[in-house]
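So, here come the structures, one by one.
Consider the two complexes below, in which chain A is the common component and chain B and chain C are the respective partners.
And now, the complex of A and B:
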């Protein structure tokens, strides 16, 4: 026996594949991408009775024909990787629909074991299944399980190991598709076998069926391998297709689908299933849907649930966020005390701890938000949200499934565009996905919030809540209008039909919630942590180098010396001590020394590369009312929006760079001649809509391409600047400042 | 001979076609697009229009002529929810416009 048994987990969406996968592998799993596409590739390892098993969770599919990316991925994996066993997870409470895919696995001939999941739900619904008879009729081993509780999974794995040990050849099943199609299949199979056409990869009958179903991928493969044979197969398929179309107004795939369902029915009808209750009755899930998806009640319920999600996220994450802040504060203090003054200390504290700490400080918030979203997702409610929002999103050229990326990115204020961009994976249409991916960064993420809170608190203190609400609404309007513009120009194309199966409502398992939450949070930590570290150090360097000339530094030292010399040694000593209560003279000396420090800091910053860039941009940025110091902060915001406040703090020589102490920065801005209400408004619209932070850009590039990432950076900045200029110029013209 | 035996238990589709669809005289009075049906309840699929890929996708979801379905949430200008072969499926306006249904007998 090989070192690992390779097993694939396949089945319909919502059949419980991921629950079983999580149960079997726990944390020993790896999430990646299938090459070239953004469909998750989940692989995990576990062992049973000394046998190591490698299991792959394939995407949920309804068929093995190339109707969607998931179906292609699942089929390609089975054919190319040839796993030793396929565990086909089947929902026992919805047997007929689930066996449709089973039927196709059998036609492909893969070695298979059926995991008949949700036996408990089936029992509750009064459905009893004669397992022996079903096993006998299908000719496939069946193990009843309840993936949520783990019931029956040991037996399932034992059976899997047993099937793998048999090492049998693939045995494709033949199903009749009616006289017309069967005759064509015989003809097609004869040609395929004679010419050995694609037979190394697929069973001949499977290839014949795919030619009849007009499967684009198999036909393209066939054209590539042997154009002549492929053309003759297409001709045979075309003849029967035309005939069926003329006589019955249908295509072969409809007949094939119906015969597959017919095959399943013929098995089920042989006393395999008995229903205790009326089969026509609606289940609890359907009854809930009648209320939850109701035209009037649905949106109200959705509003309450989403509000609850944000309440939960922000109120529960507050304490751990504070703990993390204190932790990074302590870490900074510790390093401050341990290391001697110098560049290394400055880089570690200002570059590494402030930068990375600023981002990692959001982890509890992200964790709680993903936990809330996992509850909505695993309970089945998220699919209903997509269903209800599709009505509005469609107007703007988006899809109902775009709603979650928007909410995750900060649709209700808070959130983060990084997981938001990643959440666009649920969208199937490439153009709708791109439009969503490019517009989610317009939402007010958790990093923009402190900046907005600072500027609103400083300049519009009397209507704080109203302005915050207005800026949230503005973010939505801009994002949706931008999506519409994109869909009418560079991403023009027909909307994708909103056809999806609504999963039944289920009680999520705690284990599943934890795994889902951690999976996503870890991706955030990994991506944010690594990129931010580099950028923070770079920014620190840009704001530090070149340092002031020796001569200029000496001049500042001289100013300090002259000042301290004018006070008695007792006062100087008192001012140098960090005492809480100082004498009036010591207090004055301390303040005067701090003023010199501030001037030195300000001059150092203006002399640095960042300062030079900020100053050189002043000619253009002044159109929107931004001075060189604001420019530096905004450049810093390219790395992470959190950096804006800390950079502004340094740039305005405050010495205080903590978000918590932003009040004093607010006062400084209030007294600054370069700041007023109009400038604040212009700055806020610019911050809200300019280039996404670097981590988001990297994510956009990973999820699409660098071309789109650069497009997002440039177009957003141009739009934001134009908007800010309009706000500033109109505001100034109307004397609103 | 072998082929005949093979066909023996596989005539669902043709049976459905003969019984319920394609024959306009059989259902023309009651047939309406699913998008126009504003009431919940059980209905039968008569015909599915649209391009080949679309029809195939519907077929794989179990939406085939002759199949019975239950409307859980009727179309309200955008989407509807129907229950087919045990699963609840959402269909947008364009899709439900192309599905023609009739009341069950």
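And now, the complex of A and C:
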């Protein structure tokens, strides 16, 4: 059967919507406690009893107004796509508030089934719900489920299929909003119906309500379709609004909300809910919150948890990191022995293995970090972090909810600015959102992490975790100050509300954690496998071509010939044999030959396209202590930060010959005269704050405009370079190297 | 005696009398169930005493002090 039923899954954030979606479709999706993590609606297919079903996961919302992107996405989907059935997931332990959205669906009239989730939690809290009565009062089918375990979902789907088969028309519910408003609604509906105003899309009463609620989107649509009718509707709405304001000092939308809750309360009061025991008793969540958000203990616990995450990530991932490194080392050796010298071998070893191997070597680190973050996220702790941090974030013109994009981007090191930039969609104020959007790329994302880890491991090996932590703190400080500066200049404006839910603490499910961790890690690997491979080869080409002129190559050959000729043939033979122990004479010959090779390699690299760019920038970059090899790597980092490592790998492997081939990039840097602790610090500062990678730039452009994207590219680079120069100059002056 | 919600203490319970906010703030407050007649309990305050955590209809909400200013409540008698 190719025919499928279209179903939309809708409900409040934290009602278990994504958990149910995952359970039904088996799809690997992100489940978070953060309100509105599913901004784009996700689709999945499944079948039951031979019936195919397409289910769309709508963003979690509390209302169907036009204040946030999520609400618009959800509303537009229902109206434009007209799914056959809406599964409205409702949290049984928080029934009254959840029904507020249900009520709005009913007013819209969509065919609906209620999935009453978390029946287990409600039972534990002593709440029992009279399903029959509720069903009867609402006039909507209800199926009790436990999304986490899948209990009741088969019945839910059977019911959904049954409702779809009925193929009924939309039946909008009319709720009385009190005398004043009901009167003007009648007037509005009359006008809407006679003029057929927007009625193809929305029920007339829904349009009338939206005009009373002063809904920007619907009114803009109305203006577009028929300005005249729209103006007359606005006038009717304006009259009643003024009247209410004068007589009762309230807004129409407040009265509408009051009556919706009145409708819900009238239902619930009819013995729908019975509390078996005292509801005021402390839930486990409250007990935890007493400690975890305590004035003194809260911040300490937060610090300990975040620092613990670092220790966990860095110390536990060390062993698998070493395995991967030696695996790629062996692979390189194998190819070195198998392939004849030449361009292909050079490309595979310098371009492919060094590039991809360098990046994949860090997969365990990222895996561990994401696992830790998933625990914080799924348990509900991250929402508490937002709660505790809001007062501080507000100082910088941000919102407690900015924490999430910051953390996703690498506020707890190891995120990615790409999902971070996307997560800013959940911020409701455009200005706070822009400020967050432009500053999250300052965070230490998972791609900068290996670069920082390499430099810290090489130059500050004794205090790895401490330095990593300090650099994270630095990223936060810079990002917050930058946000404040933006909010005081280009992004001035009033703050947005912080009415946010603190979801109850939950023990994360192992399956959920694995899905999260794997999905994020896989994204990283995919990036490493495709983008990085291409760029690695491109950079190898940039560093190889144009090759040295025939003349210069011959000159080098000649030098070698002259040198060899000055030794006896016996010594020459010995040097070529690659024996374990060489005579002093042969040893010297070998070293001298290598020096020539090194000069030749260095000259070829300088002569290449990349070398030319890097060298031409050396005059300026030397202010921050960067040599041309570092410049090349930093240019590569524009494409993706992890490329910095692979490029350095290539740049420094070319400059040095076989003797040290076994050495890691870290050792090569340690031996380089152009590198020391101060240069490493300046480089890390620059890498942390300069232009975001190309993918992030594209995301910023998509989420705002190219103007902002270019702005962030240029201003970040200028800032980062200034910072790096200060670090290098001060550090050198103080002889810290 | 009705008071401004900001002045509620931790663990104090009150009933909402009025919500004088319009626009988006008004919507966000109301969609979470903070409407006249609703019973709320202050469950805790953030380390810097702002925002506060409220128990509303079986869920926990956060609200900043300057947002609570729009809400008038009638505190219940303390037992």
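Here, the second predicted complex is superposed on the first by the 513 of 737 C-alpha atoms of A that agree within 3 Å, B and C clash if a C-alpha of one lies under 4 Å from a C-alpha of the other, contacts with A are read in each partner's own complex, and residues count from 1 in each chain.
What we mean here is this: a contact is a pair of C-beta atoms (placed from the backbone, for glycine too) under 8 Å apart; a residue touches a chain by one contact, two chains touch by 3 or more.
Predicted model, so just to flag it, every value in this text is computed and none were measured.
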TODO: Consider chain A as the common anchor and indicate whether chain B and chain C clash or fit when overlaid.
DONE: clash
Open item on the list: Contact-wise, after the overlay, does A:251 reach chain B, chain C, both or neither (first, second, both, neither)?
Closed with: both
TODO: Could you say whether A:97 touches chain B, chain C, both of them, or neither, answering first, second, both or neither?
DONE: both
TODO: Would you check which partner chain A:183 touches, where first means chain B only, second means chain C only, and both and neither mean what they say?
DONE: first
TODO: Examine A:175 and indicate which partner it touches, taking first as chain B and second as chain C; both and neither are also allowed.
DONE: first
Open item on the list: Between chain B and chain C, whom does A:261 touch in the aligned arrangement: first, second, both, or neither?
Closed with: both
- [ ] Considering only touches as defined above, state whether A:497 meets chain B (first), chain C (second), both or neither.
- [x] both
TODO: Using the touch definition from the top, say if A:306 reaches chain B (first), chain C (second), both or neither.
DONE: neither
Open item on the list: Taking the superposition on A as described, I'd like to know which of chain B and chain C A:596 touches: first, second, both or neither.
Closed with: neither
Open item on the list: Shared contact residues on chain A, chain B side and chain C side combined as an intersection?
Closed with: 62-63, 65, 67, 93-97, 100, 249, 251, 253-254, 257-258, 261, 265, 280, 285-286, 289-290, 293-295, 387, 390-391, 394, 400, 497-502, 504
Task: chain B residues within the chain A interface of the complex - done: 3, 6-7, 9-14, 16-17, 22, 40, 42, 47-48, 52-62, 64-65, 70, 72-73, 76-79, 81, 83, 85-92, 94-95
- [ ] Spell out the part of chain C that touches chain A in their complex, as residue ranges.
- [x] 19-20, 22, 24-38, 41, 43-51, 53, 56-64, 67
TODO: Show which residues of chain A lie in contact with chain B when the two form their complex.
DONE: 62-63, 65, 67, 93-97, 100, 174-179, 182-183, 186, 213-214, 248-251, 253-259, 261-263, 265-266, 280, 282, 285-286, 289-290, 293-295, 387, 390-391, 394, 400, 495, 497-502, 504
- [ ] Please name which positions on chain A make contact with chain C in the complex.
- [x] 62-63, 65, 67, 91, 93-97, 100, 125, 127, 249, 251, 253-254, 257-258, 261, 265, 279-280, 285-286, 289-290, 293-296, 298-299, 386-388, 390-392, 394, 400, 428, 496-504
